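In what follows, a structure is listed as C-alpha cells, so that the remarks can point back to it.
As written, the chains take the letters A, B, C, D, E and F, and residue 1 is the first residue of each chain.
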Amino acid sequence: MSDDRYRRGLDRLRTLHDVVGDGFLDDLRAIAPDFARMVVEFPYGDLHTRPGLSARDRQLTIVSALAAQGTAPKELKIHIRAALNAGLTRDELVEAFMQLAPYTGFPLALEALFALKQVCAEHAQSAEPAKED
Amino acid sequence: MSDDRYRRGLDRLRTLHDVVGDGFLDDLRAIAPDFARMVVEFPYGDLHTRPGLSARDRQLTIVSALAAQGTAPKELKIHIRAALNAGLTRDELVEAFMQLAPYTGFPLALEALFALKQVCAEHAQSAEPAKED
Amino acid sequence: MSDDRYRRGLDRLRTLHDVVGDGFLDDLRAIAPDFARMVVEFPYGDLHTRPGLSARDRQLTIVSALAAQGTAPKELKIHIRAALNAGLTRDELVEAFMQLAPYTGFPLALEALFALKQVCAEHAQSAEPAKED
Amino acid sequence: MSDDRYRRGLDRLRTLHDVVGDGFLDDLRAIAPDFARMVVEFPYGDLHTRPGLSARDRQLTIVSALAAQGTAPKELKIHIRAALNAGLTRDELVEAFMQLAPYTGFPLALEALFALKQVCAEHAQSAEPAKED
Amino acid sequence: MSDDRYRRGLDRLRTLHDVVGDGFLDDLRAIAPDFARMVVEFPYGDLHTRPGLSARDRQLTIVSALAAQGTAPKELKIHIRAALNAGLTRDELVEAFMQLAPYTGFPLALEALFALKQVCAEHAQSAEPAKED
Amino acid sequence: MSDDRYRRGLDRLRTLHDVVGDGFLDDLRAIAPDFARMVVEFPYGDLHTRPGLSARDRQLTIVSALAAQGTAPKELKIHIRAALNAGLTRDELVEAFMQLAPYTGFPLALEALFALKQVCAEHAQSAEPAKED
C-alpha cells in the first residue's frame, strides 16, 4: 500500500513539475533520503491526487499561500510553473497576485508577480526551437 | 470617478460579506473614517470587481493567503464566509485547507479547518427557521 | 502497511499528548475525517516514531519552532505539555524559551514562557488529589 | 554597573508603561525571574535610554514593527499606550497605521487601528473623574 | 479625479525614490500594467501625500515594518533610501534598527543595519564627483 | 561587571562560531559599534553561558527557531555550524529538520536541510589536509 502512495505521488509530481521534479528529489536524497520519499508520498501521493478539488484549484491555493508567506521564493517559482502546467493561465495568475496585495501588502504581491514574469520568460525560452546555423 | 470606485466597491463588498460588511465599516469609521473609504475603494472597487478571474477564484486565493499567514483569524473567518457566498462549497474548502498542510504546516491548516467548521455552524444556525411555539 | 503507520502513530500520539489527543481527533473528524487520519499517520506514524533523535529532542525542536512562529498558540501549549511528558523539565523549557529571545524577539519568548506557566498550573491542578471533607 | 542598567531601565520602563509595567514584571518573575531582570536591562536599560532618537520616534518604530508582525497583540496594545505616553497623538498613530496597509496588508493595519481604538477608550475611562453622588 | 491621484502619487513617488522609481514601474508594467497604476495611486496618491504625519515619520513607520517582516529585502533597501531622502539621518536609522532587536530578534535587526550600510555606500558612491584624469 | 559580560560572551561566541565570529563583529562595528558590543553581551554573555541547558540543546532550540522563521538564512547557516561545534551530529540535525515539516511546512524544512548540506560540504572542505604536490 505504501508503494501505491509512492508511485501515485511520483506520477503526479512529474506531471506537475515536469523536468524539475526528479533533479530536486536527487538533491534531497543526498542529505535526507527518507525525506525525499515522504515528499513524494504525503503532499503528492496523499493530497494532490485526491478528488474533490481540481489540480488547477490546488495550485491556485498553493501559490497563494507561498506568495503570502514570502519565505520560500524558490518553491514559489516551482509551484507557479506547476500552476501553468495545471491549466491556470498567465493572466489568471496576474489577477490572483494583484488580488493578494490588500491582504499580504504590495511587496509580497510584487515578488509573486516578478516570479511569474521570470517563470514565463524561462518557459518561453525553453519552448523555443533550437536555432540552426 | 472616485465615487464610481466607492459605489462599485460597496456593492461588491455587500455581495461578498452580506450582513457583516456594513457593521465592520461603521466600527472602522469611528477610529479612521478615511480608511473605511479606502477599504471599500481599493480592495473592492479596484480589485474584486475586475474581470479576468472569477469571484470564486479570488476568494480561494484570499482564504489561502490568510490561512497561510495565520495572523488575522477574524479576517479569515469573514473571507471563508465570503468564499461560500462566492460559490465555493464547504467540501472544496476542506480540500483546499488540507492541501495547504504540506506548505504551511498542520497547525495553520487545522486553524483554517476549524474556522470553516465554525462559519458553517453559524451559517446553518442563522439559516434555521424561527421556532414556533 | 498503512494500518501500521496509523497504529504506530496513534500509540505515539497518545503517549505524547495523553488525554488531549483523542478529543482533538474527534473534533477534527467532524469537519475533515481523512485529515484526522493523516495527522496520525504522517507527523506521528512517520516522524515522531523514527529512531535517530529522542522524543525529548523532537519536542524541544517543535516547541522552539512553534514559539518562533507565534501563530499557533493552542498547538504551542499542547506541545509544551507533550515536551514535559517526553522528559523535558520545566526549568529546561524556561532556559530554552529565554534563549529564544535574541532570535525571535522578547514578545514571542514571553508568550512561550507564559504558555509554559499555564500548562504547569493546569498540570499541577489535575495532579492534585481530590480533597476530602 | 549592571545595577545602573537595571535602575536606569526600570525608570524608563515605568515612565513608558506607567501602571502596566510592574504588574507585568511580577507575572514574569513567577516563571522566569532572571528573564524579568533582562527585560528591564536590555530593551530599557541599554536601548530605550540611548540618546540619538527620541522616545517618541522609538515608540513609532516599535508599534510599526509589532503591527507588521501581528503575532503579539497584547504587546502591541502595551506599546501603543507607551507611544501615547511618549508624545505621539492618537491622530498620528491613525496615520501611521493607515500608512502600513500597503506594506503589511489591510488585515494587520486594521488590527492595529482597532487596538488603538481600544487603548484610547481604556485611557479615557481611567482618566474620568470619579463620580460623586 | 483618478488622474489627480495618479499625478499626485507619481510626484511623491519620484520625490521619495528618485532614480529608482521609474525603472521599477517600467519593470512592473511589463507583467501587470494596471497594477503599476495602482502602486502609484493607492500607497503614494492616497497615503504618502496625506497631511497629519510627516514624510519622515511615514518612512520611519515603513522601514520599521519592512525590517520586522524580513520578507522583502529589496523593498527594505528602496525604503531606507527613501527614508534618507525624507530627512531621516543615517544615525537615526541606526538607532531605530538597534531599537528593533528586542522586538524582532537580532537577525532581522542586523539585516536592516547591513541593508542601511549598503544603501549608504551606494549613495556615497553615486554622490562622488566623477574622477578627472 | 559589564566587562565580565563582554569577555564571557566573546569567549562563548568564539567557541560556538570559530572563525566566523570576529569577521562578523568587524562588519557590524563599521555601521553600529555599540550594537556589536550588545550582540556579544546579551545573547552570548547573558544567555548562551547560563547553566541549566547544555550548549547542544541551546543550539537545537536556536536552529529550530531560525528554520521555522525562514527570514534569516545566513544566520541559520551560522547557527547550524555552531550546532555541529556544540556536539549535535549531522544525522541528528537531519532528523530535527525532518521533524519540523509538519509544523513549518515542507518548504522551510527543505531550506534547513539544504543549508545543513552546504554547511557540511564547506566544513569537509576546510577540514581537508592541504594537498601535497
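Operating definition for what follows: a contact is a pair of C-beta atoms (placed from the backbone, for glycine too) under 8 Å apart; a residue touches a chain by one contact, two chains touch by 3 or more.
Everything numeric in this text was worked out from a predicted model, so none of it was measured.
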The A-E interface: which of D-E, E-F or B-E repeats it, judged by over half of the contact pairs being the same residue numbers?
E-F
Can you work out the rotation angle that lays subunit E over subunit F using Cα coordinates, in steps of 5 degrees?
120
Could you work out how far the Cα centre of subunit D sits from that of subunit F, in whole Å?
31
Taking the mean of the C-alpha atoms as each chain's centre, how many Å separate subunit A from subunit D?
42
Multi-chain contacts in subunit D, i.e. residues touching at least two other chains, fall at 34, 38, 42-43, 50, 66, 69, 71, 75, 94, 98, 101-104, 106-107
Under the definition above, what is the set of subunit C residues touching subunit F in their complex?
42-43, 47-48, 50, 52-53, 57-58, 60-62, 64-69, 75, 91-92, 94-96, 98-104
Subunit A partner contacts - residues on subunit D that touch it in the complex
101-107
Complex contacts: residues of subunit E adjacent to subunit F
69-71, 94, 97-98, 101, 106-111, 113-114, 116-117
Residue set of subunit D touching subunit C in the complex reads 27-28, 30-32, 34-35, 38-39, 43, 66, 69, 71-72, 75
Complex interface listing, subunit E residues touching subunit B:
1-2, 5, 34, 38, 42, 46, 50
